[in-house]
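What follows is a set of structures to go through.
In what comes next, chain A is part of two complexes: it sits with chain B in the first one and with chain C in the second one.
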Partner chain A sequence: MLRYIVRRLLWLIPVIILVSLAIYILMDLAPGTVIDSLITEQMTPEDIEKLRQEYDLDKPVIYRYGKYMWGLLHGDLGRSQVTGISVWESFMTRFPATLKLSLVSVVIGTVLAIPIGIFAARRAGTIWDNLTTGFTLIGQSMPSFWLGLLLLIAFAYKIQLFPAGGYRGPSSYVLPAVTSALMMTALTARQTRSSMLEVLRADYLRTARAKGVPERLVIRRHALKNAWIPILTTIGMGMSRFLAGSAVIETVFSWPGIGRLTVEAVSQRDVTLACGCVILTCILYVIVLLIVDLLYAFVDPRIKAQYASGGRRRKVTA
Partner chain B sequence: MKRVKLVLAVILSVLACFFLLPGCGGEKGDETGTGTIRDELVVIIDNTKIAVLDPHNPAASSSSTAWAFHMIYDTLVKEEDGQFYPDLATSWNTDDWKHFTFQLRDDVYFHNGEKLTADDVVFTVERAKENPGSAGYDKLAIVESARAIDEHTVELVLESVNVEFLWYLSDPRASILNREAVEADPDKGTWIGTGAWTVSEFASNEYVVLEANENYWGEKPKTKKMTLKYVAEESTRLMQLENGEAQVCFSINANDYSYVESQPDKFVTYSFTTNNNSFIAFNMNDPICGDINFRKAVAHAIDREAMVASAFNGYGEVNTLGTFWGYRTEFKNTDIPIIPRDLDKAKEYLAQSKYNGETIEIVSAIPDLIKTAQIVQAQLAEVGIKTTIKETDPPGMSAYASYADNKAQMIVYTASCGLNGGSMKALLYPYGSSNRASYNNEEVARLFDLAVTQPDPKEREATYHRIQEIVAEELPYINLLNTVFLVCCAKGVDGLKLSNLAFHDLTYMYMVE
Partner chain C sequence: MTTATNVLVSKKYAKRSNAAEVWHRLKTNKGAIAGFTIICIILAITLYSVFFISYEEVTAINVQNRLQPPSWEHPFGTDDMGRDLFKRTLYGSRYSLLIGLGGVSISLIVGLILGSIAGYFGGLVDDLIMRFSDFLASIPTLLLGMVIVTVLGQSLPNLILAVGVTAIPEFIRITRSSVLVVRNQEFVEAATAIGMSHLGIIFTQVVPNGLSPIIVTVTSRIGAAIIEAASLSFLGFGIPVPHPEWGLLVSEGRNYIRIAPHLTYFPGLFIMVTVFAFNILGDGLRDALDPKLKK
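Entry: the complex of A and B
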């Protein structure tokens, strides 16, 4: 299993190289540079040229990229070109808010999605199934900024039950977490439904029922256990997406997360900060997916056996 | 099944306590009762955000950063309606407007307990000069040398005579820092000032929490704690104000102004007209826009009232003068008449111009100004000028329409105008940072250089008036309007000192409940 973890982590290296290169090139192609927002009243053309040299803007993009990667190789993510604050510090100042919101969203999303998915699968083809499918469809298609604003108007403005944005106390998590979670709920519920439908038709469940095993035990112990892998994958993907931050939800709810930090960095042409944020997000993404992969082993003994065999056989992917 | 229900009930109860109870009690904790001054104020700042608390950092040029600087630091002198008063300096003198001597107060302490000395002033000037691109550099770069004569006397020698130097010194970005604090911690040492408020918490581009400085040398604030925070979504700002989560908001959506003004029992509003001009700039190097007849045709074709009504919801001061000068910038020439809207004249000038039906590109950035550009486009179409709009963002604008490499034809944009006449150099002087027109007139440049050497206000006035006359004749810019902002406060808020620039002073703001 250790070999498998190491191999997955090593994949991070090419991912980081490609992602950072893409950011450097794309931001170089965008009009304007970081110094365009730094030019002030009294600056002479010489001052501006000096600033350009300071930021290596007089050199080709590949030189700047190489310099950045050299720093990265030494564990230095650099400093924001606009504020001068260390990229690591900027990221870590906002990461706790994003992490907490992601966890709460995933919990809410999972707690809602799995029962809904099981409920729909057990009543497949009935009006209840259609209703839940409709609900998940609405959840998936509703734009998060619109849903967020509706929730704000209802629960922060009209009823005044929760604060209208901000990151102060547990009550401030409710509306942004529910907004994020609803999208995930829709996806996970649909996934749960389809996974359960496959399993519910299996022979061993019919056998279990024939042997007189109560229905709730059939579902919980036999059906759900075998349907877990695709559900787990959907939850993992949701968690990864939340950890990357959502600029839209963070904007609507004034949430100081990393999504907005990244967007602001791009709009200010702060390539060091943008690159740092994306690299750290990539690392988080890979770690979460790795954890999900490892969780497969706990859910499915067959996968555990594959890990134990040193990966001689490819693991089953969801 | 019963066990499952029980477990679910327990989980839901815990969640309810976790989420709801703090929401019920948390915000009320700071309230002090009717008729008393509220301990804490939450202020929603404008869209400029507070990126850093360091006057010598290039990211510290926003107006809301200047509000924080007003509270955290002090300057040597302070300005009010063009007059200068002592602040950290009790007195100053100069014989030639090149050598200045400042006598400092001897009872001022920084937030870290260090006493203010002349060496701190020297350190501040030297540090500012090392950081080109920062607003602090902008204000202090003209100082050639700074020298501590004794513990409380400092001499500043300028590179050349500049009668507007006190304007720069009174800017909050020219505030005095503490050498020891900054040298000990270059990142957070700049949070230490001598001002009425101390920094207790800061998250870049999000919020700064300030606490009243009990040891302040001047008048102490009435409020104990103030949070200046950025709220990205406009509709959320109004909700936070309505809910009582914030007491002051500087950035309500213009669509909500009339609603807020119609609720006098809930809100107090202060209107503020920005000194910055929203304008049309013509690239003077462009074959068509460089033609004065074309520029005059455009000037006669535009209807400013329509722009204010449509793009700014009526909240804008329509420009009524022919001069291109800041709204309240000193020595404004009010004798230059505006070019009136006259479609016949516009067509006449157009016929005499080099325009032959080409599509002219209008570049713009920022949503309200993009709307303005669309109105300009419609108005120019009335006289037969075809245009297309290129939308960009502020860095894109700077790259596209810079003095030296101007790829634009017409630009609908805004620029910062200071209160001193010399600040207009940014728009009208060769290589000026906001010279979107790539305007280069040797006589104008010479007059700008002359003005800052003229101590006599009458002479200076004549010089600046002449500059404005030349610019009005050449028309590199058409001044459209100045935006009106509404500061919305919960009822009971007072003590806000609006600045003639956007550098408002929140130091003594309080709220009576």
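Entry: the complex of A and C
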């Protein structure tokens, strides 16, 4: 088990090197540089040249990247080229907001999705099933920013129940969390339904019922337990999607998280900050997927046995 | 559909060719028909807008008319520059369709080639391609899209490329796994025996026989690509203003969300309906191509 975790984490090293190389060089080649916004009309060409030297812009890309990588090797992500604050610090001041929002959303999303999925699976083929399937399909087809804006119009402007944005107190969590929870619910409920349906047809469920196990327990103990793996995968996907898409929800609700930080960094051509944000987000992404993978072992003893016997590990899929 | 009717259906049409049977199952799938109909309507709207709505018409500024609520004259109201939102929205359908189809074509072509090479040859090539795919997949899609658009500049082709690149790993993985299933079958061995080249075998024997999951992924990826492009536009990494791309329209409407919420409603609704159509068509296709998978 430990070996598996270590191997998965070691995989991060080539990813970080390649990601930093790709993002750094690409961002560097992009038209416009970070000093464009610092140049004022009063500046003489000498001043601009001085500024360029200060940012090493007079040297080749490779030099800047090498310098950056040297720092990275020592665990230093560098400083933001715009604010001068260290990348690690800027990221970490923003990270809690994203983390809290994502946890709240995942909890709400899962609590909603699993009962809905079970409900639909148990009534497969009926109007209720079709209705829930329809709703989840519609949910999957909505852009998250649009859903967020609709909720904002309804519950922050029309009925002034919740704040329209910002990050103050529990009530400010409601709208952004509900938005991303609903997006997650659509995905997870469908997955729950289909994996439950698969299990509900299994012979051992008939056996359980024949033994006289109450239906409630049949569902909870027997069916759900085997349906967990695909559901967990989807929840993990939901969580990683949240990280990837956090920029959108955070923009809609002016949420001071890492998604918006990245958007700001990329649009200001702040190469160091953008690169750092992408690297750190990638690490988070891989860790979330790893946690999901490890959760399988707790849910399914067969997988646990696989780890223990050192058998062929499953393919790493991100 | 229950198992019993499935058996009946397959008995009744046992003599049909595979394609005809798939077509029949697709025809009887209400979702697929609905999705297909909506897509046709959107195509019709796009064609109409190409012939009857000019770019000047949807970008000309008319400040006297600004921020009007929906009316007979302006069914969706007007925006902050007094432009008719109805026409702008109709005009915008072309972008989403182009992005959806173009983006998925890019990921399909690259994914198909790399995935089938990986699955067919195995070994070191397979490892290299899969590591590349894992690497690409470990960059969150929206971030990758943002960087690509920033580097290449804001334009329609670059947005299509950005959306296309982010879905490549998914297509590599799907193609590879269906190639793996087909590769060891006897007809592939037969093709090798009669001296066909590797490329010939891949594209005439292996790929066509592993096509079903790929077709399904294509259809549902179109919807995802449209949403992704709209999100990128919404964040300011899409097509530049004043092009009336749907995501951009929503983003512009957001500035007037208190006084003119209609600017947000309509373009978003169009995104949702379009994506919904592709999603249910994809679902229907999955059921039609592989009845066993029907859940």
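As a convention for this text, the second predicted complex is superposed on the first by the 307 of 318 C-alpha atoms of A that agree within 3 Å, B and C clash if a C-alpha of one lies under 4 Å from a C-alpha of the other, contacts with A are read in each partner's own complex, and residues count from 1 in each chain.
Convention: a residue touches a chain if its C-beta (ideal position, glycine included) is under 8 Å from a C-beta of that chain, and two chains touch if they have at least 3 such contacts.
The structure presented is a predicted model; accordingly, all values stated were derived computationally and were not measured.
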Which of chain B and chain C A:Pro176 touches, first, second, both or neither: neither
First, second, both or neither for A:Met27, with chain B first and chain C second: second
First, second, both or neither for A:Gly238, with chain B first and chain C second: neither
Partner chain(s) touched by A:Leu137 [first = chain B, second = chain C, both, neither]: second
Contacts of A:Gly276 with chain B and chain C, given as first, second, both or neither: neither
Chain B versus chain C as contact partner of A:Tyr157, first or second or both or neither: both
Chain B versus chain C as contact partner of A:Gly166, first or second or both or neither: first
Partner chain(s) touched by A:Leu149 [first = chain B, second = chain C, both, neither]: both
Partner chain(s) touched by A:Ser267 [first = chain B, second = chain C, both, neither]: both
Chain B and chain C footprints on chain A, overlapping residues: 30-31, 149, 152-153, 157, 251-252, 267, 269
Chain A-facing residues of chain B, complex: 1, 18-20, 22-23, 26-27, 51-52, 54, 57-59, 61, 132-135, 137-139, 141-142, 187, 203-207, 229-233, 235-236, 239-240, 242-243, 245, 392-400, 402, 404, 416, 418, 423, 425-426, 431-434
Residues of chain A that touch chain C when the two form their complex: 11, 14-15, 18-19, 23, 26-27, 29-31, 125, 137-138, 140-146, 149-150, 152-153, 157, 193-194, 197-198, 240, 243-245, 247-248, 251-252, 262-263, 266-267, 269, 274, 277-278, 281-282, 285-286, 315-318
Chain A partner contacts - residues on chain C that touch it in the complex: 2, 130-131, 134-135, 137-143, 146-148, 150-151, 153, 169, 173, 223, 227, 230-231, 234-237, 247, 250-251, 253-254, 257-258, 261, 264-265, 268, 271-273, 275-276, 279-280, 283, 295
For the chain A and chain B complex, residues of the former touching the latter: 30-45, 47, 50-51, 82-85, 90, 93-94, 149, 152-153, 156-157, 160-166, 168-171, 173-174, 216, 250-254, 256, 260-261, 264, 267-269
